[in-house]
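First chain written, first letter: the chains are A, B and C, and each begins at residue 1.
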Amino acid sequence: MTGKGAKPREKASGTSEHIQMDALAYSSRMLHWPPLGKLLLVISVLVVNIMTDSVITAFAVMALGLILMAYSTNMRIPFILGVFIAEAILILIIACGIISINGDTSQPCIWSADFLWMDFYMTSDSFNEAWLVMIRAIAGITMMMAFATSTPIPHLAQALRQIRIPDEICEIVVLIYRYAFLLLERLDTMWSAASSRLGFSGFRRTMRTTASIAVGIFTSSMNLADKAQVSLECRGYRGYFPIWNRPKKAGVGWVAIAVVTFVLLYILGTHTEGVIDFAGIVFGV
Amino acid sequence: MDFEYIIEARDLTYSYEKKDGAPMSLKGVSLGIKPGIRTVILGANGAGKSTLFYHFNGVFKPKSGEVLYRGIPLCYDKEILYQLREDIAVVVQNPDEQIFSSTVEEDVAFGPMNRNLPPDVVESRIRDSLFKVGMEEFRNRPTTQLSYGQKKRVAIAGALAMEPKVLILDEPTAGLDPQMSQEVMELVDQMCMTGTTVIISTHDVDLAYAWADEIHVLRLGHLVYSGKPEEFFEDRDSVALSGLSLPHTFSINHSLEAIRGLPDAPYPRTNSQLLAKLAPSDSDFGRIRIVPVSQDSQIDTDGDVVGVYGFEAKKLFRDRGISADINFNAIEGCCLSAMQGHDTTIYCDQELAATIRYRIGILTMFGHVPEVV
Amino acid sequence: MSDGTIETVDLTYWYSGNDWASLDDVSIKIRKGVKTVILGANGAGKSTLFYHFNGVFKPSAGSVSFNGEVISYRRKALRALRSKVSVVLQNPDDQIFGQTVEEDVAYGPTNLGLDDDEIESRVSRALRLVGLDDLRDRNTLKLSYGQRKRLALAGALAMEPEVLIMDEPTAGLDPQMALELMELAEQLHHSGTTVVISTHDVDLAYAWADEIHVLRRGELIYSGRSEEFYSDPIRVYTTGVMQPSMFLINKSLCDMRGQPEAPYPRTETQLISKMASGPKGRFLIMPVSDRLDKYMVDAAVDEVGGDLAIGLYGAVTRSMLFDSMLPVNYVFDGFESCMSECLMGRDSLLLCDADCVDLILAKMERLKDFGTVVEFKVLDDPHSGSA
């Protein structure tokens, strides 16, 4: 077989968003960092993000997340991630709007309104709280995205294994991951086939078609399971999935990094609580 | 140990209805697979081909009758079955059904790891088998991002990593484009030449006729023929009843010889053999040069058409950045090229030279052929 | 020359997230009533291309037009387009959406919003054409692979398309099923449907196509007659395919014998006609109306006064075989097989669907280019007179 099997433009299986996330993770520059280390870091940062009430910490976390993501994707944050984040921000703005207009009525009001039966009452505290929640949440999302774009699911499963989650669960995670792609690909094909046969013209037909596709996917997953069982036996399966290339163990270094980051951010948070008064900036209160 | 057949089935009977209602059955099948012989199990969809080969590696247990491996009846004890499946590897038609791991390397390691081999052995197995299928650079790639042809190669590498004595392939060329099919068949061919017994299960009559030394034909669970392929295809009614058709080389040869009033034999199985038979005796052929190469050989193409055959030879070409004219199926390709009047050189692995010379030599049975030097 | 039915201009398509184009500046013209093949290795962009033909994919750049009008991606226009351009996928399970055979064939016409009578007549016609009318009420899960494949085709035919696109029509089929399906494709072509086959199987492509369009990694590198494409080995090689056997044998033999390569044989009988000739048998053609029995064979035996080889052509005729208990030699690939018998000097009888006679005569006409003139006669069905 010739070495020129590497055809960069050959279509890999499937094209949906999940597959893109996966491709992103596998091409990440942080792929070879120990997954457990990454997990520890992300968790500690997320915890400190919630523990402190400082918007500065939230900004710091967001910055950290963005830097990691930029490094991980080699500064090519793809379009799809932008869409994800934009979507998240949109939802958050709405949610925060609701928080901010449900202020404690015993405090001085900076803006209020009556709309139908609802009574909106915004205080400077409620406004600041809403901002904090929003920045925090965005920071959390960027951090998690940084993790998701650098750690493929199988690596995550291996990290889970290292923290003594039972092997069976980790294997199920990996297998689901493996088969999810096959089924997604099939979903794509069936979807195109159905639209070729006008299956999506009108609400009722769309419902019927969707149901048929679901049935099709279900049957094919059953068939796949049957066949995979036989192939497993053919390949000498003995009841567990062996692992050849174990991921790097997260050493003391990683624990130290996680702890130090945690402490630094915590200290930063306690010293900067309430430094920025958004309500003051926006409403001049 | 003395045995005539590496795998033998005696009066094998099995019946089972799949979830989709398709019956899978075998009715009194008795056959023997000779070691080192290129064997094809031929039959239409649903004839029982896969049911049969899953009996060979003990995944299915017969209702009655028995399966013998190296002359010893199979015993359906777990540990013994594990041993058996190390010796008899199966590559199923759809690679997605047998790739379980998330990266190429991990998947190839699956078999050897199941045997609890020491790490250095596993490592060398991974390297060897990926080398043979030409997927070394893909070692750390996630399996979900491979194309169909690449997945197929990984599936084959997974089987090779077991270093099986018998390799069973189900429809090895299905869904592959022509070049990829040739690559896979060449790989299979080399496995044969280096001592593995290869069994192919297929409904592709052209493939079966060109490749097999011996065929076993199944029809609705019954074994209807065992023996040389040409004898089976002589019996047109049986071919039709089995849901098959005549291979092209067979029927072209048959019609042309009938018109010329000559017997069908000798039966050409490949295009080059057919052409050798039909070529006028004054045809102007090129000569074929067989050059065994090793890692430090000089390659001097001399203006010839260049073919390359074998893992080592291909690696050599790849490393030196030389491109050959005929990369796939080079034995057949070089014969054809010489017959079209071009001087042709075929570079091959040291150990394959004799076999290649023999294979090209078969042509002389058919008539006027190019000279081999 | 016939008009273009589907035409693309500088069609480019990017899958979102990929940094390369799956189709790159493809300008292709599918001509009406021409047997067309889109050829390319796996991943060359064949299916991406044909999904543009029926508007499932929308080009990133460039345009697609159908019968001279650039297609619009409005809902209504798309509906009209997809009823005229049907796709049959490689794996039938991807496009079977009904519980029963009948229900699945009706799926397309129902979605088209046709009235019940029309749907019923389309379903019956499509099922009869693919030879599945006995299995109307069968559960689709209980069909064999070959039957599912024909069902998928029936589903597409029920849309009564002007253009039928078949993706790898013979993949995974037994040899006989494959012959049967290609025979059907030929009948459809003959009845005026433009049949486009997308495949990497060069032998199939060579035997079928009047015109091929070759894709290589998303680029269209050739449009035109097959022979020209295959005569450049390097181009064939870099496309990821091989030269078809028939082409190779003809070329090598002609080189050796100093004969011109043209005319290019595409089928075995054409090759044999070109390469050898001897005394030929008579070729009898008998259209079958609604019954198949031994009186018909007797009529033919009387005609030639002796033994003959019997072959069938067409799904309708074939579906009558079981009840007739006739001793037929060639149930599949009847024309080719009977014709080779003739070339070898034996008389033969081809029983065929009534609407296939012209098609068979056209095939015989083509054989004349290769030097074969067979004495033939179209016999009347003895029943048609009595009935």
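Operating definition for what follows: a contact is a pair of C-beta atoms (placed from the backbone, for glycine too) under 8 Å apart; a residue touches a chain by one contact, two chains touch by 3 or more.
Every value quoted in this text rests on a predicted model; they were computed, and no experiment measured them.
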Path length in steps (a step moves to a chain that is touched) from chain A to chain C: 1
Identity of the chain that, by mean CA position, is farthest from chain B: A
Centroid distance [mean C-alpha coordinates] between chain C and chain A, Å: 49
Cα-centroid distance, chain B relative to chain C, in whole angstrom: 30
Chain A-chain B separation of Cα centroids, rounded to whole Å: 46
Chain A, residues touching no fewer than two other chains: 7, 10-11, 23
Shared-contact residues (touching 2 or more other chains) in chain B: 20, 147-149
Where chain C touches two or more other chains, by residue: 42-43, 141
In the complex with chain B, residue positions of chain A that touch it: 1-3, 5-7, 10-14, 19, 22-23, 26, 152-154, 174-175, 177-178, 181-182, 222-224, 226-228, 230-238, 241-245
In the complex with chain C, residue positions of chain A that touch it: 7-11, 15, 17, 20, 23, 78-80, 186, 189-190, 192-199, 201, 205, 209, 212-213, 216, 219-220
Contact set on chain B toward chain A in their complex: 18-20, 54, 57, 59, 82, 85-86, 89-90, 92, 94, 96-103, 105-106, 109-111, 113-115, 122, 126, 132-138, 141-150, 153, 158-159, 162, 183, 186-187, 314, 317-318, 327
Parts of chain C lying in touch with chain A, wherever the complex brings them together: 15-18, 20, 22, 42-43, 45, 48, 51, 54, 56-57, 75, 79, 82-83, 86-87, 89, 91, 93-98, 107-108, 110-113, 141, 155-156, 159, 217-218
In the complex, chain B residues that touch chain C: 20-22, 44-46, 147-149, 174-180, 182, 203-205, 236, 240, 243-245, 248-249, 251-252, 255-256, 258-261, 271, 274-275, 278-280, 283, 328, 336, 339-341
